[in-house]
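Naming follows writing order (A, B, C, D and E), and every chain is counted from residue 1.
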Amino acid sequence: RLAVASNFKTTMEALVEAYEREPQDEFQIISGASGVLFSQILRGAPFDIFFSADTDKIERLDKQNRTYGESWTYAIGRMALYTPGRSPSSFLESNDPTDSIALANPRHAPYGAAGAFWLSTHLRSGKPVRYVFGGNVAQAFHYVQSGNTSAGLVALAQLINEEIRPDEYVALPVDEYPLIEQRAAVLNQPNCALTTKFVRFLHSDEAAQIIQRSGYETVDMKR
Amino acid sequence: MTIQITLQQQAPHLAPLSISEVLPSGVCIGVYGPSGSGKTTLLRGISGLSRISGTVQVKDAIWQDENHFLPAHERRAAMVLQSPGLLPHRTVTGNIEFALGFNKRAKPGLLDSILADFGLLPLRDQRADTLSGGEQQRVAMARALAAQPDVLLLDEPLTGLDDEARQTLLQVLMRLKRSGTTCIFVSHSAYEQALLADHLLIMDSGAITKSGSAEQVFAESPPTAALGRELGVVIDDIPVVENVDGLAVVEKDGLRIQLAAGAPPGSSVSIRVRADDVSLTEKSETHSSIMNTIPAVIRAQSSYPDSPFTLVELDASGTRLFARITNAASSKLKVRAGGQVYAQMKAAAITSF
Amino acid sequence: MSVEDLQALWLTLKLATSTTFILLVIGLPLSWWLVRSQSVAATVVNVLIALPLVLPPTVIGFYLLIAMGPTGPLGALTSSTGLAPLAFSFPGLVFGSVIYSLPFVIQPLQAGFASVPQSVLDASNTLGAGSKSLLLRVAIPLSQRAVVVASVLGFAHTVGEFGVVLMIGGNIPGETRVASVQIYDHVEALDYASAHQLSLVLVIFSLVVLTAVYRVWGRSVFTQPRHSSA
Amino acid sequence: MTIQITLQQQAPHLAPLSISEVLPSGVCIGVYGPSGSGKTTLLRGISGLSRISGTVQVKDAIWQDENHFLPAHERRAAMVLQSPGLLPHRTVTGNIEFALGFNKRAKPGLLDSILADFGLLPLRDQRADTLSGGEQQRVAMARALAAQPDVLLLDEPLTGLDDEARQTLLQVLMRLKRSGTTCIFVSHSAYEQALLADHLLIMDSGAITKSGSAEQVFAESPPTAALGRELGVVIDDIPVVENVDGLAVVEKDGLRIQLAAGAPPGSSVSIRVRADDVSLTEKSETHSSIMNTIPAVIRAQSSYPDSPFTLVELDASGTRLFARITNAASSKLKVRAGGQVYAQMKAAAITSF
Amino acid sequence: MSVEDLQALWLTLKLATSTTFILLVIGLPLSWWLVRSQSVAATVVNVLIALPLVLPPTVIGFYLLIAMGPTGPLGALTSSTGLAPLAFSFPGLVFGSVIYSLPFVIQPLQAGFASVPQSVLDASNTLGAGSKSLLLRVAIPLSQRAVVVASVLGFAHTVGEFGVVLMIGGNIPGETRVASVQIYDHVEALDYASAHQLSLVLVIFSLVVLTAVYRVWGRSVFTQPRHSSA
């Protein structure tokens, strides 16, 4: 069973599909907020691999000896500025006092922390804007998508997945905000060959391509 | 001035009702009938609590007809239900003030006069839910009168009360009726109807089987039926001329009657004489323990179908009395209209108020 | 406890109070109508009020969000009347909470109103009290305890509400970040100590309020009076 | 075999009660008193529905004392409450079967015999909530009897019924009482107590102000009070020897009485003669319409304090009668024990069942 | 609709049915006791039952999870009695849902039982019916409609429950992933079409059930009978 942070769910589905060597239903994808999954793993949830949306939770599990083997960074999140109905630059330049921007909660969501940092460093200081926080990056996306905010710092993956017109967003350069490192670990569960094989697949180029196509960066797995 | 009521209801899950009556106003209309005969249904139809098709006209006001239906709160009717339905969280005064609040014609001072009329002054600040059953019924009636309705609707207001409380309230109602308030009084107590009803309606299965002056309806009822047994006369306000040890003597136009009553000389009482309590005799001296032997002229006599009784109507010094005797006794005494007899009744058998 | 926690508690109190107030203003006449009406409309309304129960609150929040957006019916309404948009605002939170907590207020009120003796209503009716007077001067005073229980349930449910609030509130500190969202955030941030602390405050507060209410009025709503008075 | 009841309750928010009585069993014990006097509270205490401290012992069984309290469902008492309290969703049979289900001593056939006794056979499959008030009360009583209780507790079972239904149920209760069932019968109708009570308790403010044989309590009540007015005798099962047009002649041990009754010759009826309806005379021929003139010997006479009346106890061919006459009449007729008089009563004034 | 959606719906149905059943088994005697008892214990229980209302469901789920974990009291209980752990299992879901939906069942049942005429209970009592017989043969048959409404509310609330279920269930397909969680997942994954579809199924299903129930029995729980029979 794969416990996957919600934002990576669609990508993981694609990965599982690509990994067709065994019948697909051998894998169950359990998505949820990383925090929830973390609490559940601590209380003995029957998950085999945990794909967290950040690094912090994996480290804590490590410390508690709940992981098996090395953890690894399976993806690096890419953030985009999404401004439906207009171009990102026009949003950044406008002085409309009703402008608002949605982002995930900086306190516990990696995209939120990154987004907050980016805004503090890259937003024109005089620009009037109201911040709205979603519980996670998906909610931030709902806020923009439903038109309730005029802009949002969301995951590039979401935009690609939703086939949003490219002139309505801009993918932000990775070096403009702290790295959104998403780490995974095999859990201290009775192990089986399938897990090992799948982890190996995830390190493959084929997997990396799928991940990148979905809007993430990858680190060089063979490093 | 009349009250015209035409109400029709005939549907699977509704109480059946089929009424068409023109009734006098300013009097007390009694409604009598067995349980389930539709008495409550009729009152609810008149008050507008139930929507029953037909017309209701009270004096000049049309309360409902084919086109209009005045809702209950806009009809100048006030209903006293069998359970008093007071506002439990309010005091006696508070309950009466509730009714006064909707009565635009209320004059200042009405509250106090009503409290006094119903003997509620000592209870005025007591919460309704701490009152005894009889007190609650009294407040319910007081409250209904505070609304100064054109018609007062009373649904068995005395049922479930103890004898004393019932007697007290009966007297309140008798005063009310004498004051000319129009009221429709539902009760399956023949005794109460005998004291209160001026006009009597008999109901059965949602229809009126008999309607007429109370006296007439009582007289025409079989003598062994509850209604028939209560046939009698009420003589209002006779002055008491003497009272020895609780045996009072009342006198009016030469009619002199002895009865048990506490009323002192100078006051006056109302008395009731039932037809079953009056016997007739040919001679005035009878060696009997019966205290009242009153000369009277026979006005009329009628016998009942299928019954051993004859009803004799008497004129005792201008006051009407009824006597019910057997046919045998009637022949024996050669009773005929115009004949001279003595009416006898025991002092113990006469009730006074 | 942090300033933010206190701020969240204060906001919760404000939200729950406003919501309860509005719930009563809507709920009292609505329940009155539902209890008295025999119409099909009443059934429909009863069902509609109960519907939010079957959907997860987050999903309700999601649909409310869509409705509140510029293209949604509520959004269209607010923009055409010149009002501020509901999403991410305190009024929006109140609106969402009202929708979501309505069944919990309507239900005890209906039960309360239904237990007002028909004889009291009928007698008052013939004395001149129309439907409005009956509600204000008879039904509500006689259902005091049901009103209290309804308020408490509405209040408590609003305090605990979270899915809808998080979704349509946007978690803005001092504006829409109420205590329940704050607790959730603490848990998400693995800051368990703060989560426990804030939960404890809520639970103790509720314990005190509920106990007081049930002790003083509440129980009697469900317990038969010993005397069937008046 | 007696029933011993000692119950005490005196607390701010409870009905006050303070009773200590030893009562006969196998008879009907009437409880009479104004509204709020604690009659229901007493019955609830006896049945165990209310927990009132004290002891209750019925024949050999101790229902409660200082140490034990048998809950209501384990006491061999069955109570008929003022409102019938039937299971509305069950049929008449279903309601009686409910009681039979808890009665381990019930013999097969009991259901049918009870249905027949209460005239419920035609209604046996009707749902309880579609019955009229009188029918419901009948089922409630039938159901209570199906429990075959050691004591039957009846709390104003006839209140709110119409005259006819009340009369029918009164007869059922009179039959019951004659069969030796112990029952405690609460009613504030003096009339009902006169017909049913063997032993009478008068209650006021939670205490018993008078306790004694019904006859004695009636005789000692002031003659103008409700109870006093209903003083009289019930003569059970007199054979009807003649019946012309509804005027029946009943005869027993030489006592011959005419009254209105439909009963055919050969059958027998019970009759009731009120003291207020009996007058005395010195001569047998009185030229009066009164049909019954019965020779009798005066057994005793007593006068009431502060009252103009004398109560005369008569022996008419072995049957006891009461007559209430004024003191004045008593002097006039020189009434004294052992004296010979004629008791007169109108045929119309005698009730029969 | 995907196989997983159908699976989730089926699971929801199973969960809601089991939960409703257990809610009734617990709720009927409990409400009966609460209505009849005048004790302090009854007040305490009433308050405790209402407490889950004030905390966000996710937080309740979180605390339940801790309690069910190997170190928690429930976990200790299950392991000492040799039962399977409750967390992440279907029985655990049922347990959580029962706790969370209890107030919604208890409340209408209490109202229903309280409206059984005291005279019927007293008369039956003196005829020999003890507390248990009174509940089974008098109170429940006479409160049929309240029982139906309680079941419906309990059922609907379980269908819509999500916070608790997500937290203690672990979102395991075919085992603990119920429809509400599935909808939430669809929304989170921005798969709006599937979310709408599944929501619609739930809403229509509920509409049908609620309408039927309210039409046939429900309304009369709140509406006064025209005749105060028996």
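Here is the rule we use: a contact is a pair of C-beta atoms (placed from the backbone, for glycine too) under 8 Å apart; a residue touches a chain by one contact, two chains touch by 3 or more.
As the structure is a prediction and not an experimental result, all values here were calculated from the model.
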Chains adjacent to chain A and to chain C under the stated definition are E
The chain pair with the larger count of contacting C-beta pairs, comparing D-E against A-E, is D-E
Per mean C-alpha coordinates, the chain lying farthest from chain B is A
Between the Cα centroids of chain A and chain D the separation in whole angstrom comes to 89
Rounded to the nearest Å, the gap separating the Cα centres of chain A and chain E is 36
Separation of the C-alpha centres, chain C versus chain E, in whole Å, is 20
Between chain C and chain D, the Cα-mean centres are separated in Å by 58
Chain C residues touching 2+ other chains are 62, 184, 187
Chain B residues touching 2+ other chains are none
The positions of chain A in contact with two or more other chains are 36, 39, 142
Listing every touching pair of chains gives A-C, A-E, B-C, B-D, C-E, D-E
Within their complex, chain E touches chain A through residues 58, 62, 65-66, 68-70, 72, 85, 87-88, 166-167, 170-173, 177, 185, 187-190
Within the complex, chain B is touched by chain C residues 117, 119-130, 133, 137-138, 141-142, 144, 227, 229-230
Given the complex, residues on chain B that touch chain D span 33-36, 132-134, 156, 159-165, 188-190, 223-224, 226, 244-247, 258, 260-261, 275-277, 279-283, 286-291, 306-309, 323-330, 332-333, 344, 346-349
Chain E partner, complex, touching residues on chain C are 34-36, 38, 42-44, 46-47, 50-59, 62-63, 107-108, 110-111, 113-115, 118, 152-153, 156-157, 159-163, 180-181, 183-184, 187, 195, 199, 202-203, 205-207, 210-211, 214-215, 218-219, 221-224, 228
Seen from chain A, its contact residues with chain C in the complex are 33, 35-36, 38-39, 56-57, 60, 100, 102, 105, 107-109, 130-135, 139, 142-143, 146-149
